[in-house]
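Okay, so chain A shows up in both of these, paired with chain B first and chain C after.
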Partner chain A sequence: MKKMITFSLMWLLVSALFGQVPNWDKILADIDSQANFDNIDFSARYTVVSSRPGQDNSVIVARIFRRDREEKMTILISDPPAQRGQGYLQIGDSLWFYDPESREFAFSSFKESFQNTDAQNSDFTRSSLREDYRVTEHEDGKLGRFDVWIATLDAVNNAVPVPRRKMWIRKDNNLILKVEDYSVSRRLLRTMLFPSYQSVQGRFIPTRFVIEDALRQGEKTQITIEEPSIAPIPDSVFRREYLERVSR
Partner chain B sequence: MRFRLFFLFVASVLVAQVNEEDFFEDVKEAPLQAADHQESLLEQKSWRLGGVLKTRIEPVFFWKDLDWLSSRPDDAISLQFQTDFYLDARPDRNNGVYAKVRTAYPYNLENSVKIFELFTDFRLTEELGFRFGKQVATWGYSRFYQIADVFSLEPKDPANPTAELEGPFAFKTVWTPVDALQTEGLLFLKPAFVPPNQLPRAEHLGYALRLRALLPWGGETLLGGFYQKDLSPRLTVGAISALPGLNVQVFSDGVFSWGSDRRFVVGQWPLLSTEKRTQEWFASATAGLMYQHRDWKMTLYAEYLFQSWGSDRSDYLGDLVLLYGMEQMLPANQRTLTPDDLRLPYRHYASGFVQWTDLFEIKRLGFSVLGLMNFIEPSATVEPALSWGPTDQILFQGGVRLAWGKDDSEFVLRQNKNRLSVYLQARLGVQLF
Partner chain C sequence: MKIILLALRNLTRQKRRSFLLGGALAFGFYVLTTVNGCAGGVYNGFEKNVVSLATGHIYYSRLERDPETKKLRLLIPGDSIITQAIEEAGIKPQYVIRRTQSLSMGTLIHFGKSSVRGLEGIDWENDPYLVSNLSLVKGSLDGLAGSDGAVIAQSVAKKLGVDIGDRILIQATTITGQQNVEEAEVKAIYHDTAGVFQVSTFLDREFLNRLIQMPPGSYNTLGIFLNHMNQSHWAQERLYASFQRLAPQEVLVPLEEVREKGANGSFQVIRKDSEFVSGSRHLISCLQDEPFFKSFRGIISAVEWGSAVTVYFLLVLVGVGLVNTFRLIVRERQREIGTMRALGMQRNEVLGLFLWEAVLLALLGALLGFLLGLLTLWVIGLGENLWVLPEVGELAFFLINNRLAWQLNLGVMAVSVMVLVAMVLSSALIPARKAAKLEPAEALRN
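Moving on, here comes the complex of A and B:
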């Protein structure tokens, strides 16, 4: 018993001397609650610019509608003309891709690339870091002028798109500045940078973020989020008929 | 020189630091939009004209046997020049009219212009909508087969399985009481439902009802039924989902029918005849998967088809083709076999398709292999193809079609007994206008 008390006191002393151990459960929950719109609806215009060496940039403009409390999302592509009318519908764990040319909904995956860019479909959905990951390593660091935690997160289920993520998290407000995605074999797959955020009714969404493909040198995608709205979205927007009606 | 290099190094480090410091910014308050994005997308109050032009030219060289080095090939050229014109009119958010006219070369009075779709949409509530008119309608999750599709007027081409298929004249009701459940009812009329030289009557209508429900773990299942007085009643089931942790999608269709709409060839040559089996249960089912590997830019489809009514006699197609050919000499009203009876007459089939895109990091360079097989004869066709497009509008493709099996086997006959065909294809634009 004496030994245990001595050990606990020493542990407290070490913690006090070398800084506090972050409460990762709370931090991940904070990150989720700051990024998610659990009580209100959210919609915005997303511009996805994809660049590859030696090729012209491709630009995709889409409207995104989110109702995070019901795990619903609708994406409707308005540009370029060749992809106009294509869309995505998420209800719970199901994601559908709608092609107006074939007039069919194809069952899709959150792990799939979004319109052949470096973004994944999961990049547009609600954040669920607390449910899906646990922090296995962390260290202090600095990124730009911000003090950050550099945390390594390992997935606790195999439904997530990435098994391991390394995150640079601002200490003052728990905003993510940088993410590295790793494969099961610990190979770097892509790097995401979140240089600027905008505050929307107490939530934080990136103004823009950049995704760099680590497997293909020079390939990157920049996503800009504009015209955010928290106006209530009718239930019908999260149904197949809506995509069919606006895409025809 | 050393000083200059040192200066450049220090300057670059300083610039990098300044850039990194500036790169990550503080949070800014976003100006909120008052407009409802979803309403602005629906409220068009206008009409739109547009279209799609697809052109393709394909010279093909055939060899009857695989000794292609020593024999001179036949050749042919096929030309596709297909244009879809559409009109999309939306007087208000709950009503709309859509028309699509398809033209195809060669132009003649009978076939070159077709009203592919012409329907009106109207909604009573957000949950209840109707569509009335000629429309595309398909059921089923199968990639290569269409066992659950009772609506389409044309067969699915396994080499082009995503092509839009012409649909019937129908009145469709869609009711979505909750997001996870959708019901769809169709009253529809296909030309084949109406006997020759008769006008369509109410009794010729077909009825179809389908329930579609989301699966809690992701995916969807459906249950449907079909009835038309002259055809076998059918029950359809299906499901699509994903395997957790893997980029694998699985899908399946199943159809149970009381009787079969096909005619079966019975007897031995020269006493061949046909019969219809109406008093027994038949089942057919597909099971397939789709796998994607993002880094390899690879997509793979594989699917198996079982048909309980399909023949397990390896020379069945020979008898079927022989009798069909003989019946063509009879007056039309005395023929019993139709081209539909010749399609997929065996019990076990499999199909596969694998495709790589942006090969060697070259945009629009792709390689694909399509394979189709029946296990009863057995016979098969394999089609490897290489494609490259200098722009999105131009695609060149070269490929080989190989047929394997006996001379009168299914996949050899499908290629007009050409064991080897080499084709070059130029798709000169899918133009949206």
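Moving on, here comes the complex of A and C:
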């Protein structure tokens, strides 16, 4: 009897200890699955507001179409008028920028900034944290009223633009509340805040998120995601001809 | 010979008229000489300064695809082939320098202000050409080797609001596409071209290697400085052939393509080449093939010939006046012509006499104009030794050590002399023929 009680107590203690260590592989997979639409198409209207000290805000409105299962994405800018018709087309690892004035497609990169804002082109594509990063440090913490994991993620390949990220992840549902991106030299590049989410077909995408530039004080970009839709998207949307046609 | 001496003596007889006529011709030639020399000087300064800011008269680059990211990068992991090729080609360069150039632009940041510029990593102890030719506004290049010092253009310093000793952030993309940031100290500020072409920020090579994550001690551009720009194409061809002989398995971008597109243009072609998925491509480019250089050479050539043509038109106007002047001369000297004819001078000798007077007038006018032009160029060329020029400012890029290294285009000058002589001859031809046709008796009677 005594042995049984001792064994049970030890088992409970071990369970309690190991229960606190998160399964990062699962958590990152969960984060990716919440942000990705692998079985269905997704589109939404993105409003990107960029603020710089001493300058008027710049506002870009774009419609983003994603087909994550085929690694395809089309971004079509509708506002401001000067940029109307500009767009991006992703097919697999390649990204092109389309300029309706020159009617030419030029190679772009996921690592480049989106239209001179604090956002990067990679911020609009599917999430691949599990594939590209591994958690090297973590600790418990709190952000506002939420219990969070504060995890440090280091890139495992050179495909991603940010070699190190620090994330504040809600413990209860694995939603990201805050991200800090660091350079190779471990200097803070930018901070992203995700104050609210919306549910789309059982997945959670941010309603809006704010990116603060850590190198240029006072500069920030706010991205609002509206009119999310999972309606099927015609195949033609993911072809060059679509951008050429629409921009006319 | 006698006719020539006689013609010369006749010119000196009418000193005032000869002086005025010759002076008009001399003035035109003076303008031509000065403009030509200044244009040549501007080109010399531009050439020298561009060469020093570029990586030499000829530069060798090697591009490869990163196997993981497929991103294009410049890297020279070992330079034994190119070094051997230089030796075998028999080029005998003045300098060979090794630099790191960031393929993508970097961003300099200082308290919220930023400026996007090219970044170049310099081996400060072994890059004498840049060190001696960078025209500094402030600061010094001493102690830059192994430091976090940055040498920035004056326009960049102004935009960022920085001065010597200020610290700036430099944001760049590594060769594998990651974002990186390092802090640097502004150690020197140099005169920039203010929009002539993009200017770079110069950093210690190891500092830049660290920033863009290139291996320590490595570089990605090898530059060859020749003794003269004119040797460039010859040296490029020999180096090209030598490299191909030594490494036939390596892929060299065709010479014709490089000559047509320049280095940057060739990079773009390689970048878009969908068949280039692995391995490397080698590029031997020449500064003379760069579009901006060709454009500038074209502009200078246009200025040289344009000024010459303008002076030719002015001379034509002068020529119209010369026709009347020669007519007047013939009328005034009819008695003299009659006397000479009566003494046995033949018609063709009379013709020859007047034509030689015209030719000598043109040649002496050209010589005077040329000498005055040379004197003016010499004075201009003294630069700050004579002028009080506290700031040459943007002009610095067209000067060598703050002086105009003027140079005459002898081809243009030679053609101009011929045009001048031809114009004066044509002005004098009709009156001279009229003089030659005069009968002695008629001439003496008049």
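General remarks:
Following the convention adopted for this analysis, the second predicted complex is superposed on the first by the 230 of 248 C-alpha atoms of A that agree within 3 Å, B and C clash if a C-alpha of one lies under 4 Å from a C-alpha of the other, contacts with A are read in each partner's own complex, and residues count from 1 in each chain.
As a convention for this text, a residue touches a chain if its C-beta (ideal position, glycine included) is under 8 Å from a C-beta of that chain, and two chains touch if they have at least 3 such contacts.
Bear in mind the structure is a predicted one, so any value in this text is a computation, not a measurement.
Following the overlay on chain A, a clash is recorded for the pair chain B and chain C.
In the superposed pair of complexes, A:87 makes contact with neither chain B nor chain C. By the touch criterion defined above, A:216 lies against chain B and chain C together after alignment on the C-alpha atoms of chain A. Within the superposed three-chain model, A:206 lies out of touch with both chain B and chain C [touch as defined at top].
By the touch criterion stated above, A:185 is placed in contact with chain C alone, chain B being left untouched. By the document's definition of touching, both partners, chain B and chain C, reach A:109.
More residues of chain A lie in touch with B than with the remaining chain of the pair chain B and chain C.
Of the two partner chains placed by the overlay, chain B and chain C both lie in contact with A:158. The superposed model puts chain B in the path of chain C at one of 9-17, 81-89 or 171-179, which is 171-179.
In the superposition on chain A, the residues of chain A touched by chain B in one structure and by chain C in the other are 93, 107, 109, 111, 158-159, 215-216. Taken in their complex, chain A has these residues touching chain B: 43, 45, 52, 55, 63, 65, 72, 76, 81-82, 91-95, 101-104, 107, 109, 111-113, 143-146, 158-159, 173, 175, 177, 193, 195-201, 204-205, 207, 215-216, 227-231, 233-242, 245-246, 248.
The part of chain C that touches chain A in the complex is made up of residues 66, 68-71, 109, 111-112, 114, 169, 171, 173-174, 176-182, 213, 271-272.
Looking at the complex, you find that chain A touches chain C at residues 53, 93, 107, 109, 111, 155, 157-163, 181, 183-185, 187, 189, 215-219.
Taken together, the chain B residues at the contact with chain A in this complex read 20-25, 27-30, 32-38, 41-42, 52, 88, 96, 98, 121, 126-127, 129, 136, 138, 141, 162-164, 174, 176, 179-180, 182, 214-220, 240-242, 244-245, 247, 249, 251, 292, 294-295, 361, 363, 392, 432.
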